[in-house]
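What follows is a group of structures, each given as structure tokens.
There are two complexes below, and they share subunit A, which is joined by subunit B in the first and by subunit C in the second.
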Partner chain A sequence: MSVVYSRRLKKELQEIQIEQADPAKRAAGIQLLQADDLKTWYFSIEVLGDSLYKNETFHLMVRFDPEYPFKSPAVQFVVSDKVKPPIHPHVYTNGHICASILGDDWSPTLSVMAICITIQSMLASCKKKELPEGNDDYVRTAPDNPKKTRFVYHDDTV
Partner chain B sequence: MSSDYEFSDYEYEDDEESMDVEGGSASSEEDMGMDEVYDDEIKIVSEGKKAYEVDYKPLTLQQVKDLVVADVDYISTIFGVDSDVAALLLRHMDWNKDRLTEKYMDNASSISITAGVSPVPKPSYPTSDRSKRVTRSSKSSKKLGQPSSFEPFLCPICFDDTATDTLALSCGHTFCTGCWTVYTISKIRDEGEHRILCMAENCGVVALDPFVHKALGDDEDTIARYDELLVRNYVACNKNLKYCPYPSCDRSVSCPTASSRSALSTIVPTVSCGADPKHKFCFGCTIDGDHRPVLCTIAKMWLKKCRDDSETANWIKSNTKECSKCQSTIEKNGGCNHMTCKKCKYEFCWVCMGPWAEHGTAWYSCNRYDDKSGVDARDAQSKSRASLERYLHYYNRWANHEQSAKLSIELYMKTEKKMEEMQLTTDLTWIEVQFMKKAVDIVENCRTTLKWTYAMAYYLQNGNQKAMFEDNQRDLERAVEDLSELLEQPIESEYIPVLRQKVTDKSVYVQKRNEILLEDTAKGYLEERWKWNDIVIDTL
Partner chain C sequence: MWKTDVKELLDSTDVQDPTDFPPSSTAPGLRALDSALRCNICQELYEAPVVLTCGHCFCSLCARNQISVKPACPSCWKEAAISSFRINPAMEEAVTAWKDARRFVLGMVNEALKAQATASESLRPSKRRKPNSHSVGVISSFASPQRKSGRSDTPSTPKERRNLDVGTSDDDIEQDVFSGSEPLASNSNIECPVCAKSVPMARINDHLDSNCKHYLSSGKTASSSKSGQKDAWSKLLDGKKSGKEKEKADAEPDTPLPKASYTVLKDRQIRDLLAAHDLSTVGDRAQLIARHERWVALYNANLDRSPALRKRSAELRVELRRWEEDRRGSRKEPLKTDIAEYRRANKAEFDKLVQLARPKSDRPSESSSRGEGDDRGESSRRLKGPAVASGDAIMVDSDAEG
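Moving on to the complex of A and B:
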């Protein structure tokens, strides 16, 4: 198990680093900030082109458990003095994200980069900046790890 | 009918004789009177089952598996497909054979795709915006499904290029066996999922049983868990079946008479899976144990009320008053007696509950307790208090019987000890001292009934019917308490035959009272004799 976990993450990290070094391959607007170990990685995300999030930068925290890639990683926006999560109908103010790819629709063939790109496109296609319904209630009672929440994926439009 | 009941019927015939023997004694005069009533009853029901019982059949795991096989064989024969494929199609259609047949005849390939039997044909492969981008960015997905035969196989999940064992479903997405195993185990064990989807993104193909078995290898535990999940799925989809709710019990019960919602308005389908006498549950709802004579909806309503109310109600009763105008509950946590209701802004005096305006200059010391407006306000207050009092009356009795029924374990131990004593001090044999144990069982059983009668009485409309119901309740309660007391008595060897006689007689009587009550309520449902009060009507 842990052999798969570390080999896979090392390989992913290696690919990301090769991609980042090559502007032709790099996914625009996504940058690896920190990956000191195989437990927690940080990315910065910008939405390029015309969108509601022009000139905004967000930080994404990705945490892995030993069952990765068979279980999805825990992904959330970083909330700190310096960076804030985006205002988006699927993003709670504590940084938790409601996206089916992080839960039911996760497939072991997906990768960390694929998640980043999905979240970037989720932001890009947003038409109205608003908080999720019931944000306050959720944030008040939410567990630290978003994977412990059972989200209902009801809205496929954004 | 379960064998448990047959046994008790037999016992009862036997015991009636011993009762007749003692018939002359003064103590059983009342008992005899009741017998007559009972005799009438028994004639009506003796033709079949009792009115408060339902027809049901306990099923073992193997029997349910046989039912599954029968359904699968049926579909596999008429569709001319493999039995594993038939099983997958049936699971997809929630085991509804007719609807499956209809859909399959209509468009076999479409349902095969949605059920995950066959992959989506290549040209119409859904290429959403997301998946396109993913494929572009992550190199690994490019290789999916098209492993080049010239290069060594590289598993796109674990990046192991030394793996030689690979598996793929009908979609062709190939992964190493090791990954399949980990994935399948985690799906089954952690998620309790029997539908094992292909690991490739957006691929809806589902693994057939032989594939799952191959992936699991010799992991017998997980295979057993998988089989159980399949059986549970079958039982959950079949409204005539219910899984026994007791932990680690793998039996089911078939009870077609209680499968419809409308049936539950006239019957309380208490069933048992037969694995253990304790495995009694209600087929109609999720309350475990026997909640006769109360209907499922009423029982659920009562439990919810108790969960919400009991402790809170006690606190409210002792610490708050209601606003005399809008009836909002108010807690006075300090300050003077001049109260202003937050909700309706009504100003009143906390002491006399009368309007504050009438207090004139006598501020902060109420001397108006007997004034009319104050009395009226307190009357209104006491009315709303009365409903709380009423609830607590029923709740306390309900809780009391529940508590006593729980204490029956203790009673069991004590009885066991007594039975041992009896064997030593008298020449009674083990079989002969069983009457004590049986009596304890009866007490526990009847206390459960009694407990629920209080929930029922709480919701019954006042009137003759309720009065009769409460008469039955009172008779049963009295009898149960008498028997309980007998069981607690110290044993002296010379009195044992007398005690035995007494306990046996009382046991028979208590059981009869219990049957009378259950029988009468069950018939009342069928005759629509029970009228519910406003609380039920408002809730339903």
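Moving on to the complex of A and C:
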């Protein structure tokens, strides 16, 4: 399993590298910022075109454990002085994201890029900038790792 | 700045990928072919491919790992079970051939592209301007003359070579040695190197496998029809017997290992299970179970290979050990830092909760009856708050749901 983990991540990294070098293939608005090891990667995400998040850039932190790809990576928006998470009904102010693809609907045939694109489209299709219900409660008590939260996926529209 | 790091990371191992091949505009189909022969889970060329009931194909071990997480096909979410796996020998054959051919084809393609690059430089205003037909022409012209001579002496990668070694059993090697040294007719007798008795050449391996008990040649006097008959019968009977004995000696029968129900087993029984396969019996119960589970998966996945490609138990044991080392190495850290950070980050909140809990005596008993630390106590309390019932996030543990 763990052999799969490192080999597969290296492959994904290589693919991302090749894609990023070629503007024709690059997923628009998604960029690899940092990947020093096979534990934590950072991406920047921008929603291009007409959307509520025009001209905003967000940073995504993706953390892997040796169970990857059989278990999903831990994905959250970076919250720091420089970058803020998007205001979105499925994104908590601590950066945690409620998306089924990061939990129950994760499949080992998906990839890190697939997650980035899903999150990008989740932002793009947002119709109203608002915080999730119970945001303050959640943020107050949330664990550091969003994978320890059991989300209930109730909203199929976004 | 970070790019160099990525490069280093990638250069440290040889990562094979469909993108090794040029895109389909230059070399039609090659990239697609390479990715078609890869498992969608591990992205490697299929190892012991199996087909699920939905028709999707994965490495046996990958599929087994996935099923242990969620009993469904990772491509289409159709229900899947290990018992309904079907081996896919056709795919295995294709992959074996492709492993052989891949390097060769890759080298050829690169050479062709190089030749094309130099050619197009010298013949820039040539009439052949269509890039597609041009490059294909170059590649195919390279393919035909080399195919006859080049194929056999293409250097195979160490990994491939190892696979080949694994594939050929000892018997084959020994036979090769004999047939190589001097061409003996299969019915001639030779001296057994162990017991120094005369043995039919064709049966020497079975003779050795039977600990020099069977397959002795009946000698030159055995020309009478009666003893000949007897010989034939004993050969027939012995043949079956020794087959079984051989199986036992190798301890590698074709039957998959059953899944153990660990909950009803005592630690000692799990250790026995491990010991039966010469596996390490150190570690706590969780480690023992994980080890045995992994062993069963490795072992059974190995049986999904065609017999010639199967690995030996010793190799599987090495794999198991490596897996455990990797897991131990990378497991510890993230978990520890996680909890520590969590504690630190939420210290203020904990203190506040402790303060809140103090005057009322029933509160702390509720959370302590839940047991395992702040994390859980909080989650159960949070659940009871009215604000949460309608929210879309509910905390942590499954038992907090009920």
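We adopt the following convention: the second predicted complex is superposed on the first by the 158 of 158 C-alpha atoms of A that agree within 3 Å, B and C clash if a C-alpha of one lies under 4 Å from a C-alpha of the other, contacts with A are read in each partner's own complex, and residues count from 1 in each chain.
In this section, a contact is a pair of C-beta atoms (placed from the backbone, for glycine too) under 8 Å apart; a residue touches a chain by one contact, two chains touch by 3 or more.
Every value quoted in this text rests on a predicted model; they were computed, and no experiment measured them.
> With subunit A superposed, do subunit B and subunit C clash or fit?
They clash: once the shared chain is superposed, the two partners overlap in space.
> For A:K11, select first, second, both or neither according to whether it touches subunit B, subunit C, the two together, or no partner.
both
> Is A:R150 touching the first partner subunit B, the second partner subunit C, both, or neither of them?
Only subunit C; A:R150 stays clear of subunit B.
> For A:K127, using the defined touch cut-off, is the partner it touches subunit B, subunit C, both, or neither? Pick first, second, both or neither.
Neither: A:K127 stays clear of subunit B and subunit C.
> For A:K54, decide between first (touching subunit B), second (touching subunit C), both and neither.
A:K54: touches no partner chain.
> Can A:A114 be said to touch subunit B (first), subunit C (second), both, or neither?
first
> Which chain makes contact with more of the residues of subunit A, subunit B or else subunit C?
Subunit A has more residues touched by C than by the other partner.
> Is A:D137 in contact with subunit B, with subunit C, with both, or with neither (first, second, both, neither)?
Only subunit C; A:D137 stays clear of subunit B.
> After the superposition on A, what does A:P69 contact: first (subunit B), second (subunit C), both or neither?
both
> I'd like to know which partner A:A27 touches here: subunit B for first, subunit C for second, both or neither.
In the superposition, A:A27 touches subunit B alone.
> Both subunit B and subunit C contact which residues of subunit A?
Shared contact residues on subunit A: 1, 3-4, 7-8, 11, 15, 69-71, 107-109.
> If you look only at subunit C, which of its residues touch subunit A in the complex?
Residues in contact with subunit A: 2, 5-6, 9-10, 13, 15, 17, 19, 40-44, 62, 65-66, 69, 74-75, 77, 294, 322-323, 326-327, 330-331, 334, 338, 341-342, 345-346, 349, 375, 378-379, 382, 385, 387-388, 390-398, 400-401.
> If you look only at subunit B, which of its residues touch subunit A in the complex?
Touch list, subunit B to subunit A: 129-130, 133-134, 137-141, 144, 156-160, 173, 178-179, 182-183, 186, 190, 199-203.
> Help me check something: in the complex, which residues belonging to subunit A touch subunit B?
1, 3-4, 7-8, 11, 15, 19, 27, 67, 69-71, 101, 107-111, 113-114, 117-118, 121
> Residue numbers of subunit A touching subunit C in their complex, please.
Going by the criterion above, the answer is residues 1-4, 6-8, 10-15, 17-18, 33-39, 63, 65-66, 69-71, 90, 92, 96, 98, 107-109, 132-134, 137-138, 140-141, 143-145, 148-155.
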